[in-house]
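Each chain gets a letter, A, B, C, D, E and F, in the order it is written, and its residues are counted from 1.
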Amino acid sequence: EAVARPVGICSMMKLPVQASAAGLDAAFVGVPLDTGTSNRPGARFGPRQIRAESSLLRRFNGSTGAAPFDSLHVADIGDVNVNPYNLPESCRLIRGSYQHIVGSGCVPLTLGGDHTITYPILQAMAERHGPVGLVHVDAHTDTADRALGERIYHGTPFRRCVEEGLLDCGRVIQIGIRGSSYDPDPYKYCREQGFRVVPAEECWMRSLAPLMAEVRQQMRDRPVYISFDIDGLDPAYAPGTGTPEVAGLTPAQALEIIRGCRGLNIVGCDLVEVAPMYDVSGNTALLGANLLFEMLCVLPGVKTM
Amino acid sequence: EAVARPVGICSMMKLPVQASAAGLDAAFVGVPLDTGTSNRPGARFGPRQIRAESSLLRRFNGSTGAAPFDSLHVADIGDVNVNPYNLPESCRLIRGSYQHIVGSGCVPLTLGGDHTITYPILQAMAERHGPVGLVHVDAHTDTADRALGERIYHGTPFRRCVEEGLLDCGRVIQIGIRGSSYDPDPYKYCREQGFRVVPAEECWMRSLAPLMAEVRQQMRDRPVYISFDIDGLDPAYAPGTGTPEVAGLTPAQALEIIRGCRGLNIVGCDLVEVAPMYDVSGNTALLGANLLFEMLCVLPGVKTM
Amino acid sequence: EAVARPVGICSMMKLPVQASAAGLDAAFVGVPLDTGTSNRPGARFGPRQIRAESSLLRRFNGSTGAAPFDSLHVADIGDVNVNPYNLPESCRLIRGSYQHIVGSGCVPLTLGGDHTITYPILQAMAERHGPVGLVHVDAHTDTADRALGERIYHGTPFRRCVEEGLLDCGRVIQIGIRGSSYDPDPYKYCREQGFRVVPAEECWMRSLAPLMAEVRQQMRDRPVYISFDIDGLDPAYAPGTGTPEVAGLTPAQALEIIRGCRGLNIVGCDLVEVAPMYDVSGNTALLGANLLFEMLCVLPGVKTM
Amino acid sequence: EAVARPVGICSMMKLPVQASAAGLDAAFVGVPLDTGTSNRPGARFGPRQIRAESSLLRRFNGSTGAAPFDSLHVADIGDVNVNPYNLPESCRLIRGSYQHIVGSGCVPLTLGGDHTITYPILQAMAERHGPVGLVHVDAHTDTADRALGERIYHGTPFRRCVEEGLLDCGRVIQIGIRGSSYDPDPYKYCREQGFRVVPAEECWMRSLAPLMAEVRQQMRDRPVYISFDIDGLDPAYAPGTGTPEVAGLTPAQALEIIRGCRGLNIVGCDLVEVAPMYDVSGNTALLGANLLFEMLCVLPGVKTM
Amino acid sequence: EAVARPVGICSMMKLPVQASAAGLDAAFVGVPLDTGTSNRPGARFGPRQIRAESSLLRRFNGSTGAAPFDSLHVADIGDVNVNPYNLPESCRLIRGSYQHIVGSGCVPLTLGGDHTITYPILQAMAERHGPVGLVHVDAHTDTADRALGERIYHGTPFRRCVEEGLLDCGRVIQIGIRGSSYDPDPYKYCREQGFRVVPAEECWMRSLAPLMAEVRQQMRDRPVYISFDIDGLDPAYAPGTGTPEVAGLTPAQALEIIRGCRGLNIVGCDLVEVAPMYDVSGNTALLGANLLFEMLCVLPGVKTM
Amino acid sequence: EAVARPVGICSMMKLPVQASAAGLDAAFVGVPLDTGTSNRPGARFGPRQIRAESSLLRRFNGSTGAAPFDSLHVADIGDVNVNPYNLPESCRLIRGSYQHIVGSGCVPLTLGGDHTITYPILQAMAERHGPVGLVHVDAHTDTADRALGERIYHGTPFRRCVEEGLLDCGRVIQIGIRGSSYDPDPYKYCREQGFRVVPAEECWMRSLAPLMAEVRQQMRDRPVYISFDIDGLDPAYAPGTGTPEVAGLTPAQALEIIRGCRGLNIVGCDLVEVAPMYDVSGNTALLGANLLFEMLCVLPGVKTM
């Protein structure tokens, strides 16, 4: 490298920063919103910290041979604006920004932010691509109807998406789900929509490569969105998050999931719920940065050396 | 003491917890809201942490001789409900709760929460007492008009109060104000309303006892509310807060201010903006607990031994 | 939910707080003692922090379908008093308190506190139930004879219990044991009593479901006590503890152990050694809260939906 | 310097470690006990952390010109043994160890540990020197009679000393006292013994040099012991302590106090109540190390360059 | 403001980032080097964290009325490259970069990095301006000759500058000096060069406004450089630094010093030794950001509203 | 035990400290250098913290029955001196010190320090033993050629060793390698030298006992050095390190690797890259201490009870 690691303005992987997605194949973009959080806030600083820790990343994926920067035109396009005092307004702002990003033909790789943001992002995705398939890693299904009377917060995005026809429900998989619940049968709604739910219990001490073979079948060649809530992982690996649940996935399984998406028609990705203050080591953000890099490495068009 | 310090459910000062303010002279009450925060969130956990650290407090004020629990009937009435996803709705919930508290003749001592909450609290106070005087300690005047188009967040409560006639503007003092500003003349609005603004610079290395003599003159014998934003203090003493500003007040000055309010017709008090995760020692919350205890000690009717 | 998550006094799972166990089927109770700790103190704040983090828990066990609150009458009965300056006196205080709890027919779910407390708790259990079987998860056997000449500290509870005939030694299992030792054959005493010792090495990378089938055989239908030292888990999952040992159990295994106790005649449970200051994320306490909830879910009489 | 700062075994100021005080004029000695703590434990790690941070200290006092190591024979004699499970036994162990140290004519500079330890230390001091004068810096008078029925814990050492005639009560001064109290007149006992109590309020924003001139008069040329509880300082400077009280002394005042003791017949010193886990920066321990070095610099026989 | 505070790539005060100083009146520039640190490393992350926390700053100085962005063309020009494995080479890299910055007529405001960096910066300054006056705030004089045989590390920059004639020695002032020393007369070298040394003891509990009137006399109208080591402040205010010394300056005094430089012919400024990991609150970096903003506000040509 | 755990000067496992290796079979030795770190510094405090946390270790290995202190003469010989400002000079200092240690026939167990130090250590090892076999656990191969033009930093030690003929390349194994890379084929250099590289992916969810059987074949009965970079483990277990990589080994696997070395002709060992400030729990250092103890337990001549 020509410069020392701590040198330089904190963009994702030290990529050039540009104001718009025009001309890009893929773009990292931050959405620093956490007003949708039900428990510990702080994910508004997720994008900042993920960018900071991403300085440890290098340009090749030594494990898979992927060479994303030799394949695609990629930049960091900064953050979309949000309104932390007004969730519905934030959703409108996000939707508008992503309409521009997606409209230019660019694949967004989003640094969240709490999971609320996936709802307006998927509005923009579906406007362009029609209902999308979804690979959703999370401790929670995020399909609640409302909380405290509100329809928009980080527990509801995928129900809103279903209601608006943004998802191709037979091509939805939710992996890593677990934890206590408000209802004795917490997966009822998901099953009724046709989602496949893979509870964390089915993942324990097991390679997820076979599961991903099935997922590739399920997704076929139509548009797929990857939404990765860092709380899908066990809190040992990702303490810096707002609603941790015990006994989650491992980073190895996370890599199996993302690498298992290679070959799919991925049209967008996000990594949400990194709340840095709960992990003073910075390692949750570093993990988030790595997962975003791995998503970049499986985008259509990325060559393997 | 009959029980060891860590023993017992975390109420404020281990006071009995009761569901309503009925029959109380004064009550500690929490408002765990932080959606109005412009920078670092976390004040939603202020009430919880203040209560936890308050276990170190004992029942007498050895410095002033005040014996509040031998003078007044005091309890912890828990938290009022809020809606973290909807600031205007939270304000309505808070206003409603405080109408009940104040309606029963009880003086509320509030554990915040971000400073947004003082707006609906003062709505309830003024309904009962008419426009109130205000002793406001803060790094910020909190009289902005709006941010991101929103009229309600922690930068605007006192402008909203002025607009609604909740404040007796000639009896408002703001102490500890400082920091960079959006405007070259940041106190213009306050001056125009007739507020007295005492910038932190005028407090540096100086006893505030003389100032408080003037404040007692200013407040006369009419109703006064004390609103204490912990960021009025220097971040060395109160690192656990969301919008810290350098070169602030000292705890000694904070005690001079609160003890200097003795004799005033205090009808309510709050201590806001404790965001515990930014102070892992717990000492910001401990300071908040002490300041709330000191406020209790200067309430009308508290005897001195 | 009707109230936001941070709202409310910190009882376990926001359960009602009541002063005694009378009329309860099961009760959460704290024992904030850590004077028995040999290394890092701090477990005196375990109950407080477990309660704080338990606000994330919901009322159903989505994984097992257990509905404990639809099956049993449960409350948080606060903390028993202890004397941190005097271990033998603390043991007398604890024993006395538990005699009352157990005497009312209530099953105690204890929030520790260091492991010393299990000795006086088992005194009270055995008074009512006779010698009990024990499912003991821990990195340590806690069967030392003495340290620094003292017979009571967190390394000796189960030897004291054996000496007093509180345990049905053929129905004792210790799972997760590991670490360096004062003796080249550290399990000799346990073997001699007839305990089954399952070192951590035998658990590595393996489901414990088969082991638990054997445990159910071993325990038969007679009274069983579950004593869960959080240090049985690997420090990655539970950094907030006083005597961590490397290469321990996983949360998934912890859930397999507890869920594997379903059907046993469980008469009491504890979760000990959470020392929050060594885990500023709060996640060790959250894990402790989850394990206590899982223990509640396998108590006799809990229905599954 | 010949070696880099992080190099070397952690003795106080990298002094040679020796097993006994024989032949030494002064010795640093640790007492890693914290069972006497009423609130947050952790002071057992005070000696370890003070030694670690003391590596930043250099051999001369540039401010006063004192050259202690050119004047006295000084070493680190390690820790005295304690029994964390048994406070009275710990006191016996400490007393015995200090009888040996003092018996050899060596002045002990103690790294605590909670304040309980000063009681047995003063037993040993008074055996040799008769009743001693006391310069006591603290937020608390530590003259309670008992807590939870116990006569020995960190709130009682100086009452025990009075009862046993270890103090020359007319030559006792307590500086920095403050905080809420169990009694409306918290200094009554001290006044009755003839102690001078200087509350923190009398120290605020003021040089303590004039006070120390009076103290030198008070102490005359007879034996004096300095007992410095780090909580005498404001928690901003010393967050790492177990029972912090707001609005305390500053480090400048602490230096004025210690430097103001120059010329007194100092026979021993301690620095107690550093609980490192509450200050992850290490700076409380560093402050403790500096205060111990300053005490060394005012010992009889220390030359000034 | 048009955007929420956490939104945007982390440049200093969200200023535009540009690659060179061409066309700028003043520029913020980072030097992320910490190999010169003698004690705790980490200042390499000072620039990153100062930028992150600077998002709290607003564009006007409400206290002084300064409007720097209405007066000067200012940007963030990123970091100069350094070689953390080779201090002399790093110095060459820094010198070269600053020759370009200074050569374009731009005033650099440096975000350090350890204090080593001021040596090559002053090489570049003096090339352009001749020997400069120096306002140096620090706990240390940084005029050692060498350590471990090395002539370049953070304890020597100003001796190197003297030797190379970069300083106008009669116009050098060092404020805040304190701490133990390697030599009984630690200011001898400085005095011999004609520096004015103001030890921290002379600053305690005192306004520094009178001192600054003298400094303005001393500096006259010739070029002055401000070098501000954050450890000049007390560690209570700035715990995040590598070689903290007790009993230092206050932020109010720091503001008095910087604001007292108004009117001087300032040609460059730096703020060094912020090591963020020792202050998890981020407040040391926030203080550093504020001090840099205050320096900007006193640059020649800045208008006051 | 005769003394309480926190009692005593912090040597490794409370072993006696001696100035030289003379007469010892094995010695713990610290190398507090971190100037070779490319990302987060802090490993200079690794030896100090590992020693501090090692107080939890007891003298027998209960899992393997190893009784090292009944078999070998072992001590802590303190730290070798280093020059943090000059990497090549540090390497010369380390090499010199290890020539003495190895020359006396003592097996060094090194507490790092960053991985740079293994290069001069292996120079000394090979001088005595000829080219050695290497069991290298790490996330990185550490075989880069240079960075920023420098040939010596923590990314290059094993390439330097190859170039100088210090390694018996057919007897080198690197386990746990992973992470993004500067090159699409990151193992090319290693393969060309004849190293066996076992990427982390091949270790996931799998016992490494079979691998170690092969390693014992590979190493034969000739001299072997174990170099264990703590970042070989997943950051969940070892957050306190400078260049963490996700999805690493588990502590169980680490124990399998080290215990699998039993019977080999081990001539030296190191445990490097513990940077304590990134793990405030102390558990990374505790893990490091355990791994060093386990290495001691497999040294030639250690008896099993």
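By our rule, contacts are C-beta pairs under 8 Å (C-beta built on N, C-alpha and C of every residue); 3 or more make two chains touch, one makes a residue touch a chain.
Computed from a predicted structure; not experimentally measured.
If you take chain A and chain C together, the chains in touch with both are B, F. Listing every chain that touches chain A and chain B alike gives C, E. Counting C-beta pairs in contact, the pair that comes out ahead of the other among B-E and C-D is B-E. Centroids built from CA atoms put chain E at 41 Å from chain A. Per-chain CA centroids place chain B at a distance of 37 Å from chain D.
Residue positions 2-4, 6, 38, 44-45, 83-84, 147-148, 205, 234, 236, 278, 280 of chain F each touch two or more of the other chains. Interchain contacts (touch definition given at top) occur between A-B, A-C, A-E, A-F, B-C, B-D, B-E, C-D, C-F, D-E, D-F, E-F. On chain F, the positions that touch chain D within their shared complex are 2-4, 6-11, 17, 30, 32, 44-45, 47-48, 51-52, 76, 78-84, 280. Within the complex formed with chain C, the chain F residues making contact are 1-6, 55-63, 65, 67, 205-207, 234, 236-237, 250-252, 254-255, 280-283, 286-287, 290, 293, 305.
Residues 38-39, 147-148, 178-187, 199-201, 204-205, 234-236, 239-240, 243-247, 278-280 of chain E are the ones that touch chain D when the two sit in their complex. In the complex of the two chains, the chain C residues touching chain D come out as 34-38, 40-42, 44-45, 83-87, 89, 147-150, 152-153, 277-278.
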